[in-house]
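For reference, the structures are reproduced in the following blocks.
Each of the next two complexes has chain A plus one other chain: chain B in the first, chain C in the second.
And then the complex of A and B:
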């Protein structure tokens, strides 16, 4: 049966490199080629940005069936498709859409010669900076010049010199000699973050990217320009000269900076994180993330990291081993029963950890369980006003209607003496209204955190936990999406993964068996938490799964969806 | 496909291995007697005597870093040698060249550059991969030390061994 007969309302037949495929009407030629596994090299095209078609790297050969004269039958090829007559000049694949019966050749002599020509022109003034360029190893200029370049220069003139090492913002450095003038960065700042500070000046081979004289590129999304720059023209000050990209291992995880839960890649080498970059998820963060979330990982390198469990002795703390710390914590908590004990957990904890807190609260038979409400200023793009990544998880698992509402009564309870023991997990409550005066009324205070903070100082026992990059687990973001956190590096010193600490504590108190697999713990949790019903840890997947209808929308994604509808971007 | 190699057919004399043993003994004894009569010297009295003057041009000794004729460190800390080194003997910590430095236009240099000479197998891959012609295998071969730490050549030591190399890749000297 001929494929041509299957043309339907919104599918069209397109021939790519001799093979017929069906793609959605309105698809860009470059995307159609991608679907046919024929990658077309490109610089300026980015699916989330408008397509100015200015780099000409994506030139391909295109043809259409000739329109038959009235009364004439279209000539058919062996597959039953109308014969294509090829156009003598190439077209760009990024900004043109497919049409019924269209033919695209990505490997023809014409297409190849076009690419080679464009590559040669792009490289005539190139400074050959690869040895000192942070983009080396993930640079499309390198990749395409291997595939389509000449290997030597025919250019005899002196190269044009352009500004190098230019400070264009607090987090970004520009090297104009490396720039291929694709304008991705300009379009990003105009279209996505409404901060139109980049532009081109001068003409011909002196054409350079430049920054507004009075306005630096300082918005909280500026580092995304570094990611989308196909070459090393824009580099990150934070990552500058720290590590070559080919040494790093990438771990798929999520950002813990706010309740958005942007999908990220954590790049690390030998137990040290070097950078975080956004990972595409069109339900959460598109292809972007904010700078503050991206640079969040420096917190893990703080000198204040706790590395050993500690117990108060007189006025100071002494280091103890884990079994002792756990035993003393369990003994201390079991001395009090019911509502004499309070637990302040954190929406920074994973679902699994929160579930273990719930088990602990059940053992202690206390109702005084809450998390803190930490709201800051969100923005109109991705950043969420809720500064905690897993508030929705805390709500679902700890059965909190409105997190933070019980905190005041816990504080009053401590002040009045009805609450005698407090377990604080993952928060520095000292800075949240529980001052020394309040906390010193307690008979027994245990805290767990990654940093030595004032709360830890007042605690009888301090349990050092693991940061978001040092553990696995799941979280539910602001829009109700269940997502996975993955372990990129090991926690420092003797600090441990929190789900192990909490389980040790639970086992010491209720005598139940230790669950060795996080997946098994997740399954146990999923059987009692309604919104997680039917999920397994491995079933969550890289891009997460929607579990709660929160009715919230993501401003940046709304606008992108609009532009997709208008046909401005591919999305 | 298996190839079957025929065993050579031995003659009677060859099967009877005594003559071969005698032949060997004769050579050994010959040398012994010649040495006793001080006709020919076979052993070199290392380390009093050394081969150094006879080393061929392509000799691969200890890898070392070199500076150019202006005293600029040629290495820009691209870490390609660290990547290619088969026993992973090289460890580099890069840094940015401060703006007040004479060579600040080069932008990048190694803050620390270490080659663990216990690991190094003198393969020369680092020299071959270096895009800046900054690392060379020199003729030093007697690398020794009392501790493992001593066997790690740091940046200072590497430049000491390496010295100056002129007129190779010189793009940084003309740039700007």
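And then the complex of A and C:
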């Protein structure tokens, strides 16, 4: 059997730029080219959205073997495949699927002419304001201009004038002159978030993108349109004019806004975060994230940020150094035994931090350990009603069946005087009824926060921790996926990575050996926490790994999967 | 049936074969169903309903009828594209968005003989299994829409449409849907989008071939007004007899709409291919005005490539191969295609030697730049660019590089767009510039910088003085 006739049910033979490859039946031509390392430039095509084929940038030359006349064998090429007869008209690679024996040319004269023609058309009315455009550096018009554009313009006419700096929603601005009318944003609002407020008006070269009158683009996923805009037409009010993109460092991490754990990129420069954008993970957040999660990094720049360890002196707090803070904390806790001590930890903490809390609780021999249950309103897309990113981690590591169920008995214990010391980690417990009246009954209160709050104010010792962007560690999201949190910037002032604080505290309590590396801490934890068995910190990978079967589904991903099955999107 | 008599001064030319236009300008004729039935109307519907749907389709296939909207695709074959094991509803749409400049035939059918269209549609619906049909009528025909709606009501009262038509099992509804004034709505997938209430952005094919994924993603047949009227006559006389009208592969009659520099412009229904361009211009239309010479003809609506007087065309193959001039071109689908243009929508625009082709192209370019829907890049940006170049040329600001730029802009549009609008807007530019370079060079030479060289304005000025 020749190579050409080797055709299984699921695979087809496709020739891309002269080389034969096998791809899955039903693959879009553009994806087949990608598999053959032949990048086909495109603007409107997005694998998560329908393909209208409007930009015409992905035009390629296509050919098929002619249908042999009955009784005749197909004419074969030297390589054993049926000879391809090339079509005179180019076809779009984005919306067409491959077929057995198909040939695709991405580098032929015709394909090149098509791309150059489209490039020229896209630029003739473009304002060419790259120097002041926020998209510069990540603009496909710029990128493809370099590869497929001309060195000079032959356009002698006046450019079409369109609206600029249009306020289309609370977080987004539109420059219609930069828009290439690819309709990605329109399709996103229609197909992904069911908020059909964007559309085109007028016609021909005067077409403009606009919002429905009186209906701003204000949904909680609106900023995704900025990400998928291939040019600088849609810009984020939060990010525009703040930083040139090529100066920023990108850190792969996860959002801590809710239990979804959307994969993100944190873009920072010189210890300052400038933006957060979604990172594709088809098991978690597809290519999207919500606006509230995206903008939550501003919390880190709050004036209320705690930057030094503090101890209460009289009615106010004074700054102390870390060794003193740790020693006094250990001393304070060790005065009490067993269930006289309670710990309220947080599902905002990483698995590693939670594990150190568990070690601490074991040392103190207390069973009064819990986290808070913090549920809010989720939505039908990605946002989860559990507002804490690591509830499943807290359950697994602290062996909590139902997080938050012991909080009331801890409160009663404090009120009755049976609980004398309390360690609060990462939560302002005032909202759960632990007000001045309750907490003042305690003999000793230690808490760790990143921002000043009423709980911190009542604490004998306050330990300033690091935010999600300032530390490394692992978490388990609502669907039971173990994912990595990575450090993008340093914690401010003298605040410290929380696992180090807890490690120091544990050391001060029982004098046990130090663990110097987070990876070693993870391995120790993995040896005692069943769901983490066999994992290492570095083995988690960029996209995480499923460790718990929670039975939960992700509404947005369910719908995308359905659309993939219908052949509407690539996925 | 007695031979109809026509209004004085509007009698058909002796070369005409009036079938579709039988009742246009007919003396004593009105649009009422009474007139229509008295003339034998709706008999063919009754005849069709006694046949099996497939038999109706087969008759249309046998007739060789080719679409009269512009592309000339065989109607029966188009009907056959509905997937065989289809479970979805089937829709029939009558494309009455007649917008191609130079074309004015469907409007007369709608305005003067609406029941012919309705009968043709009902027979076609029966053949393709459609229970719902739409007449998509352009915004500029408000009177036509009213006439059609009245006619539909009349037909309903007589039980020609509605439930259990003529006591049988066939149910069919026809709705009139008015457009909002856009040329692109005549493109079938743009029309479908518009009918669905959206912007008429044409769909990509594949996958959205209307016969499989049309209106509301259901199989949909879109036919031109004239094509649907022909169906009635095919059923009346049988496909084989119909196929004898016209010439082989180019059967039936065709309504040619002649405009421009002829003595007697107008609409003429002729057998396809039985009349030549020369006969049409010089005999049927009374020739050119005194002292004028033929310069060029756009044979099938403004998007068709222009033919230049004096050109030679080689048509036929093998032994039947021969070379002809513009006047010898038989007005049929295949020959006009062989001559490098198309029969298109039947709009014949005649231009004499008083015309400056730059101004004509500028006029055409202005139309297409205004009508481009703007969905896909080449047409959106290119159509306005071409218009701006010719704008500059006619206002005395042309530069020598303009010709090359114009042609290459056209080349960068044609064949690279979602729908045929790309060709429609590029072909005029490509053909005019290639065939009449001297007219264009006049506007790009430095010698004429600043001058508006418009012979038409001169003629108009002369007319004012007179």
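For the reader, a short list of remarks on this structure follows.
Throughout what follows, the second predicted complex is superposed on the first by the 569 of 571 C-alpha atoms of A that agree within 3 Å, B and C clash if a C-alpha of one lies under 4 Å from a C-alpha of the other, contacts with A are read in each partner's own complex, and residues count from 1 in each chain.
Following the convention adopted for this analysis, contacts are C-beta pairs under 8 Å (C-beta built on N, C-alpha and C of every residue); 3 or more make two chains touch, one makes a residue touch a chain.
Not measured: the values here are computed from a predicted model.
Of the two partner chains, chain B is the only one touched by A:244; chain C is not. Taking chain A as the reference chain, the count of touched residues is higher for C when chain B and chain C are set side by side.
Residue contacts after overlaying the shared chain place A:130 against chain B, while chain C stays out of touching range.
In the superposition on chain A, contact is made by A:154 with chain C only, not with chain B. In the superposition on chain A, no contact is made by A:232 with either chain B or chain C. Contact with neither chain B nor chain C is seen for A:464 once the two complexes are overlaid on the shared chain. Within the superposed three-chain model, A:206 lies in touch with chain C and out of touch with chain B [touch as defined at top]. Judged by the touch definition given at the top, the superposed model places A:95 against chain C, while chain B stays out of reach.
When the two complexes are overlaid on their common chain A, residue A:165 makes contact with chain B while staying clear of chain C. Here chain A touches chain C in the complex through residues 51-57, 59, 88-90, 92, 95-96, 113-114, 117-118, 120-122, 124-125, 154-158, 160, 180-181, 199-200, 202-207, going by the rule given at the top.
In the complex of the two chains, the chain C residues touching chain A come out as 182, 199, 201, 204, 206-207, 369-378, 380-385, 388-389, 392, 399, 401, 405, 411-412, 415-418. Residues of chain B that touch chain A in their complex: 76-80, 82-83, 94-96, 105-108, 131-132, 171, 175-176.
Here chain A touches chain B in the complex through residues 127-128, 130-132, 136, 161, 164-165, 240-242, 244, 246-247, going by the rule given at the top.
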